[in-house]
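Each of the two complexes below includes chain A, the first together with chain B, the second together with chain C.
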Partner chain A sequence: MKELNDNQIGAVKDLIFRMADDELILGHRNSEWTALGPILEEDIAFSSMAQDKLGQAHAMYQILHKLGEADPDTIAFTRDEKDFKCCHLVEFPIGEYDFSLMRHFLFDSAEALRFEMLMGSSYDDLANVAKKFKGEIKYHIMHADTWLVQLGNANEISKARMQSSLNECFPLALGIFEPSDFEETLIKDNIFPGEKRLQEEWLKFISPVITSAGLILPDINNCEPAFGGRKGYHTEYLKPLLDEMTEVYDIDPGAEW
Partner chain B sequence: MITEKEIWDVLDDVKDPEIPKVSVVDMGIVTGVEVDEEGYVKVKMTPTFAGCPAVDYMKNDIKEKVSRLPVSGLDVEVSFDVQWSTNMITEKGRRLLKESQFALPPKHNGLVQIEMLEKVECPFCGSKNTILQSPFGPTQCRAIHYCKNCLQAFEQFKPV
Partner chain C sequence: MYGGGYIFEETKNGHSEKDDEKKLEQFEAKIAAGEKIEPSEWMPAEYRKQLIRMIEQHAHSEIIGALPEGTWITRAPGFRRKLALMAKVQDEVGHAQLLYSAAETLGKPREEMINDLITGKSKYSNVFNYPAKTWADTAVIAWLIDAGAIINQVANSKGSYGPYCRALERICLEESFHLKYGHDNVVFLATGTPKQREMVQEALIRWWPPIMHFFGPSDKISVHTETLMRWKVKMASNDDMRQKFLDMYVPKIWDLGLTIPDPKLKKNEETGKWDYTEPDWDEFKRVINGDGPCNKERLAVRRRAEEKGEWVRNALQRPTEKYTIPLA
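After this line comes the complex of A and B, so read on.
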């Protein structure tokens, strides 16, 4: 469908804000590896993935603009912290390389599945960008899987680091799937099959990779999912990131580049 | 009265700033040209990658070059209605990419398999004794490979 009713507009906007804010913030975090990667190829990989994420965020903010929100730059650079709907996982500082790699694996796996689901969305604009993003994120998955398996099986130190990052990232990653107030509309109107379904698919998708990396998935029943981000409650790390991200914009918001 | 053909001819002068031999038409990123009876022109384009930094540059270049024609108005729209894939690079585009020493993306049926990035033909010596070094290269659309035969790193337009 091309036109949405009011209820659907609310649901679609909420979904897109969550997705696009995740991409913007993680894109910014990934870019912090530029010139700092452990090897040149990884420096380039994280920078390139950052570029993809910012591009995808921009394309999604553009849909919001069509639905009556401000233009992409205004949405990205002028909102208060509480208006962001990103999950906590993407807000954390890059930490050591193992943390960034594990976050990238867990997040991008969920995102790839989300795009795959959205390819069949009844809302055309969302289905179209999902078809586009699916081809791009394939390379992110390939990258994450390769390194996860390699480092999980390399030596005791790398294995221990990867396991400890997995233990730290897993409850944060469960926060990706914090249900929205619009789940019913999204599912009923075939816009998106819902966060619960996505989480189930995600667990099926990541489990075999974690096993081939020789790692152990934490028991989901003993994990407290890091909820709150989708409702505007963020970690202490988001505000400083937003301040840094908007530092130049704030000097002259109307500037032409 | 300006014709669609004349617009396409001008668009063939708009080059990809990252590979100056290849035009936006060769790359397959122009997805539609329309001219109405009043001479108003609509050009539709789609980015190779969502975050491609060259899109605005090419869009402005299209505007500048098409505006020199006798048109009554012009609109250049960037849209994801049609999603770019490497299958949309024209035969001429593929030839020019090869001349620019890029390994070509294999044609695919919409489903990109990881195997497509293995044993890619080296654009320098033609050997297939090559390995993928990284799916990420100097731009979003390229992967880096290494040829074990001529001991040379090379770039491939990665299949999407």
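After this line comes the complex of A and C, so read on.
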């Protein structure tokens, strides 16, 4: 499908804004590990993943640009907080390494599955970028799984840290799947199988890794998913992040940098 | 990046008394013939010591050097600059990894080197004790400090110790991209809006003294390094490298219409060398000994990163050992 009707355009834009904003904000967060990681190799790994995320956000914003939105820099660097559609999980500060690693595991697992689903999207532009990103995110998943299993099994301190990060991140991660107003169109027109389906696949995907890491998945029925981000209601952390991100850009908005 | 202004200790008669004269002769002949020394070969204790010191200082400079630029990743204006700066600083951390590995071949573990860094025992390039106050500072650093580093490192890559030379060859390839990135960034600012121009001019004024310090004390006052030159540990004199830098970059800076804050700076027609105001070497010594604008902050950040990461490193140490209840 190359041409979209108005209803489909609204649905696709909403979906892409959610994905691209997640990528941008998490890429920004992961880049904060540069030169501060627990070992040099992890500095380098988090930077690579951050660069991939930014590249993905950029490609997604390009699709939006084709659909009539502003150029990627303007979208990323000039919108108000309320116009962002990222989930709360990506907004939190990097915290300790266990938090960042757990977030990376939970988010990237969902993202890998999302790309896999989008590879079969009826909307060609999405299917094409999804194919490309699926190849990149494979390595992010390998990275997350390796570390999770290692730290979950290493010693009491690392195990306790990973479990407590999982407890903290899990309700936030459920916010990734906040239903969209366009679910019906997305599903009916084969653009995307929907957030509910993605969440089910995600739970099946992460559970064995969590078990291998010797950790226990919190009971989903006792978790309040952190919804709101997709509708423009954000945590207290997003505004300061955006202020920092646009600090130089705003010095001279007419300038080319 | 970065590996200028090494501080060497004075060598004791060129080698330790314990060194076997015959082995020393062979070692020196090999170096004179342009061959490389490899980790398993015999080498004078003094050679090993000075090399560890130099490579370690270089590695530290890479990770500390990642801090002033790294703080601007989150503020870089636009996707293009943000991605480029991330990749650049990541390269610098990668250089540290390569260099620590090269130094480890001489017998000092990475952990010990990092400990010596955070306790202040081991030095790093002085330039990183100065702050990157604005976005334009990162542009000037990426262009001119990396340019200085390339001059220094290309010279050192022709040295005598195999693992260090090979690491430097790889590093220089990446540095040449950093230099292009930095130059492009400076060009955009220098030819941009009045505000951008002002930013880059101010950054150049701030960074000129550290740039002049970068290659280390003037030959007139630096310690005698004849033996180190003969052993191809040190490959060019500080003043020669500074002259080379001025030759290559002053015209480029002037081309952009920027002012270098040294009224004496000009090429001397008779000597063919650059005349300049002698940098303040007292300040250089003061800063290298811990009393610069950012020394405490840089080490504190590094120390905090080490402390926060300790549990992760511990968790890597015994990956397979698990406590099991004895059967009987």
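A few remarks follow.
The definition used in the following text is that the second predicted complex is superposed on the first by the 256 of 257 C-alpha atoms of A that agree within 3 Å, B and C clash if a C-alpha of one lies under 4 Å from a C-alpha of the other, contacts with A are read in each partner's own complex, and residues count from 1 in each chain.
Here is the rule we use: a residue touches a chain if its C-beta (ideal position, glycine included) is under 8 Å from a C-beta of that chain, and two chains touch if they have at least 3 such contacts.
The structure displayed is predicted, hence computed values, not measured ones.
Of the two partner chains, neither chain B nor chain C is touched by A:Glu236.
Put chain B and chain C next to each other and count what each touches on chain A; the higher total goes to C. Once the two complexes are laid over each other on the shared chain, residue contacts for A:Leu54 go to chain B and to chain C alike. Residue contacts after overlaying the shared chain place A:Asp6 against neither chain B nor chain C.
Contacts of A:Met245 after superposition on the shared chain: chain C is touched, whereas chain B is not. Once the two complexes are laid over each other on the shared chain, residue contacts for A:Glu41 go to chain B and to chain C alike. Once the two complexes are overlaid on the shared chain, A:Gly254 sits against chain C while remaining clear of chain B.
By the touch criterion stated above, A:Asp73 is placed in contact with chain C alone, chain B being left untouched.
With both structures placed on the common chain, the touch criterion links A:Asn153 to chain C but leaves chain B unconnected. Legend: residue contacts after superposition of the two complexes on their common chain; A:Asp219 is shown touching neither chain B nor chain C.
The intersection of chain A residues touching chain B with those touching chain C, taken from the two complexes, comprises 41, 44, 47-48, 51, 54-55, 58.
Contact residues on chain B toward chain A in their complex (touch as defined above): 47, 49-53, 80-81, 83-85, 112, 114, 133-138, 140, 143-144, 158, 160. Note for the complex: chain C touches chain A at residues 63, 66-67, 70, 72-83, 86-87, 89-90, 93-94, 96-97, 100, 135, 188, 192-193, 195-196, 199, 301, 305, 308-316, 318-319, 322. Of all residues in chain A, those touching chain C in their complex are 28, 31-32, 34-44, 47-48, 50-51, 54-55, 57-58, 72-73, 76-77, 96-97, 150-151, 153-155, 157-158, 161, 241, 244-245, 247-249, 251-252, 254-257.
Interface residues of chain A facing chain B in the complex, by the touch rule stated above, are 41, 44-45, 47-49, 51-56, 58-59, 125, 128-129, 131-133, 135-136, 138-139, 142-143.
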